[in-house]
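These notes are about the structure you will find just below.
In order of appearance the chains are A, B and C, and numbering begins at 1 in each one.
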Amino acid sequence: MSRFRSRARAAAAVALAAALAVGCSSGGSSSAPAAATGTQDSVDAALKAGGEITYWSWTPSAKDQVAAFQKEYPNVKVNYVNAGTNKEEYTKLQNAIKAGSGAPDVAQIEYYALPQFALTDSLADLNQYGFGSFEKDYSASTWAQVKNGNGLYGLPQDSGPMALFYNKEVFDKNGIAVPKTWAEYIDAAKKLHAADPTKYITSDTGDPGFVLSMIWQAGGRPFSVDGRNVKVDFADPGVKKWTAMWDQLIQGKLLAPVKEWSDDWFRALGDGTISSLVTGAWMPGNFISSVPGGAGKWAVAPMPTYDGKPVTAENGGSTQSVVKQSKNPALAAAFVRWLNHGNGVQPFIKSGGFPSTTADLTSPAFVDEAVPYFGGQKINQVLTSASKDVAPGWTYLPYQTYANSVFSDTAGKAYVNATGLDAGLAAWQQAIVDYGNQQGFTVSAG
Amino acid sequence: MTSTAAPPVPAPARPRPTARRPRRKWRGWLFVAPFMLVFALTFIAPVGYAFVLSLFRDQAFFGGTVFVGADNYAQVLGDPKFWEAFRRVLVFLAVQVPIMLVLALIAALAIDSARLHAAGFFRVVIFLPYAVPAVVAALMWGFIYGDHFGLAADLNHLLGTDAVQPLSPNWLLTSIGNIVTWEFVGYNMLIFYSALKVIPKELFEAAAIDGAGAFRTILSVKLPAIRGAIVVATIFSIIGSFQLFNEPNIMRNLVPNTIGTFYTPNMYAYNLSFNGQQYNYSATVAIVMGVITAVIAYVVQLRGSRKEM
Amino acid sequence: MAVLSKTQFSVTRPRKSRVLTGFMALYLLYTLVPLVWLVINATKTQPSLFSTSGLSFGDSFALFDNIGQTFTYNGGIFFRWLGNTLLYVVVGAGGATILATAAGYGLAKYRFPGRRGVFAVVLGAVAVPPTALAVPTFLMFSKMGLTNTPLAVIIPSLISPFGLYLIWVYAADAIPDELLEAARIDGAGELRIFLTVTLRQLVPGIITVTLFTMVQTWNNYFLPLIMLSEPKWYPLTVGLNQWSAQANGAGAQPIFNLVLTGSLLTIIPLVVAFLLMQRFWQSGLSAGSVKQ
């Protein structure tokens, strides 16, 4: 027993030392906005000195990227860890931050989850390394999402401007033209399902990320954040515009009752049961790797709009951030810079990722690539132009991951019982308001 | 001493003739101390810590920790989410546990009756699912339940209907009950079977002389003789039902709108902690649930032993 | 006499019943179908998993391919998980058995101050849901710096109240006091008596407890899920669920074929252990239930 105890004590001592080290490093990166800008010198020096860092990510290209990085900088050892996909990783990251040790140096974080970690002072402000000057190199919609107040909490990796992916074969067979407006989309949904009851225009079983992106496109801005003051308004006219439209699909039972990303769903994409998807530009890689049955049948078109004028929204996409617990934040920052502003971008694109760097979004090699899976269509022409049409001015909640976790308890019920999205969103709003007020925000309902 | 409820105080160690030196009195601790030390670390300390946590409230983003006394408890007792989850496991318990135990009992009696062909084979196969981790069982059944491409779909296709929808809201609790039943019938069967095995032969002979048939023998000899085992199995099943977590938590990936964050009390406590960072409230939910479980298990045990013959 | 022995024959060795066997066969089917489904689907490739029906074989027999992939995927992480699981089982379940054996014996064969207290506390522990302890244990362990280490999984699994209970009732019966007294008169110390005399008597009980703690540790999911953040410490259960969750979201990599094959591989060792040791542990369990 005594052996165990001394071991526990030793472990506790290590933890304490780590906590002290964190204390020291965070002293240097004070979050006072004015003092935060610096130069890349310390980053270059850290890269030269070498060292060891840990990187959490679930992106498929991470392994190749880490290998390429280590080849380029043999004196840096990167421990790549897949700590779980999105919310599983956030839970673990949150736990490690709460425990005061065990967090990685660099973590992949989706844009929607970033404010939560930025606000709790868990991430390093990259302005101190002079990364603020990279702004012009990224699409405006992604850059806006890695900033929080004056702080810069990551460099954008991918982006997900939304587009319409559709099964051309099914559309053609049933005489359906590619819808340009949402009204046409609903007509297409009815026509398709009437012609062939086994086919559905799309599937949606209630995904908070999708819902928010759709509201974003419709012009709704349900969240506004000013420090500790948060306003939540799901009665915003933009929100109503979307719910009125989408409710028609739900109430009309025109959505395939298949859970996204389940094995059923992948099968349904392959056999035409689900004949279109409105989703982020990162989707093609998933089609190619996971829906082999759909090869040659799928195509890409701009996202339908309410008035026929092009406008879209971001869906998904992530950034790499330096965690404040890092003992070598400058080296961690160097790795982030290499990943998303250096040689790491190409392996990412090669694995099917959709970049956020303007140089790649405009490079002819990328834009004009004919993709065999999509019947040789130059899909990136559609997708890159979508990235220019993202509606500006969107804000996520400072505790979006929590909000998303209770979506199914509230708004999700609207999908099961077909009780109307407005009522569901109102219940979600209530849960969001209650939680925020409990956690020290001043949240008001709009 | 045929049956008492579990865990009974075993026959007290017979009084030792002499305890000459006072030191000898303590030597039992030599064996018990290591267990109790680890026990203190993994059971007593967490319970104590949970209790301390339950008296405070900590804000995840701003503000610090405040002492709130019994506020958290009052909040749990008035929390509709908690009671909804509690009611759900109570329904689960009232329906699934009897079905599972009766099936296990029938299986045990059948195997014990010697009227079964290949009884040994039956015993092994029925026990097999217990060796399947709950996670694997839930993943596997999740695939099977898939009402588009899973076995459920094949069944619907066969019957020409779409009546079988294991993942729809109305079916879901039943579907989870099915997984749990599948996993644990064998385990309970074995507890019953082992108890049946050791019923003294004389009892059967006496029953046979009285001219009792197979069913009378079961009712008047076998069941009373294994009452203790039945009480043990019931208590473990009650505790298991109140703790329901693995199966619904994994199935949640398939039907998040039906299995919310507070589908069972345990899931509620988990999600409060790990999604909402509401550690204090989560600890309170865990304590309330622990107390309720302990009380109910205790009552079952008392009733079980009072009816003892 | 002749009448009696005839009736005795019919009670303890009656005719086999086809009706009963048929009825039980139905139940057997229910038990087996999911396992058969698992075996069949572990032979399919990811695409044919999606394109063929559940209870028929796919176009190709890919079981060995799948097993190979399962063990090599992601740098052979499955192998690591298997190793972790073995570590947790050997140290955790092994330690739990040792602690429970010693304590159960101590409680059954010694009277000492505080014995009733131990009884009351352990009784209480059986009723407290272990999962209710998980969150406070996590917070405590994280303060001690134990989270995300194997110790965080091993230490809590060292305690098996059920195992203690089983050894307790078993030892009370299986070890005659006279045996202990005889050894004491020969001048043996308490520890030596335990190691040389007691353990041998307890073997069936110990095997039973070993198997139960083994299953418990092998199947442990909730605790490691909470305690561990890095896959390199995952046991099989948590790892498999991560593979299954991997199909989610952008950059999804569904590997359901490996999830199924991995599940099958996870079950096999336990099934084998049970089959090999069933004679021993069933006698242990029967002996334990005498006292119930």
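Quick notes on this one:
Here is the rule we use: contacts are C-beta pairs under 8 Å (C-beta built on N, C-alpha and C of every residue); 3 or more make two chains touch, one makes a residue touch a chain.
Remember, it's a predicted structure, so these values are computed and weren't measured experimentally.
If touching chains are joined by edges, the resulting network of the protein chains shown connects every chain directly with every other. Note on interfaces B-C and A-C: more C-beta pairs are in contact across B-C. The distance from the centre of subunit A to the centre of subunit C, with each centre set as the mean of the Cα atoms, comes to 40 Å. In whole angstrom, the spacing between the mean C-alpha positions of subunit B and subunit C is 15. Shared contact sites, meaning residues of subunit A that touch two or more other chains, fall at 95, 98, 262-263, 267. Multi-chain contact residues, meaning those touching two or more other chains, occur in subunit B at positions 34, 38, 143, 149-150, 253, 274. In subunit C, 50, 138, 155, 245, 248, 256 are the positions where the chain touches two or more neighbouring chains simultaneously. Subunit C makes touch with subunit B in their complex at residues 4, 7-8, 10-18, 20-21, 23-24, 27-28, 30-35, 37-38, 41, 50, 53-55, 99-100, 102-103, 105-115, 118-119, 121-140, 155-156, 158-159, 164-165, 168-169, 172, 177, 190-191, 194, 215, 218-219, 221-222, 226, 236-238, 240-241, 244-245, 248, 256, 259-260, 263, 266-267, 270-271, 273-275, 278, 282, 285-292.
Residues of subunit B touching subunit A in their complex: 34, 37-38, 59-63, 143, 146, 148-150, 169, 253-262, 271, 274-278. By the touch criterion stated above, subunit A contacts subunit B in their complex at residues 1, 87, 91, 94-95, 98, 119-120, 205-206, 228, 258-259, 262-264, 267-268, 273, 398-399, 401-402, 405-406, 408-409, 412-413, 415-416, 435, 438-441.
Interface residues of subunit C, counted against subunit A in their complex, comprise 47, 49-51, 74, 138, 142-149, 151, 155, 229-232, 242, 245-254, 256.
Across the complex, subunit A meets subunit C through its residues 4, 7-8, 11-12, 14-15, 58-61, 81-86, 88, 92, 95-96, 98-102, 158, 160, 261-263, 266-267, 270-271, 280, 282-283, 285-286, 289-290, 292-293, 316-318, 353.
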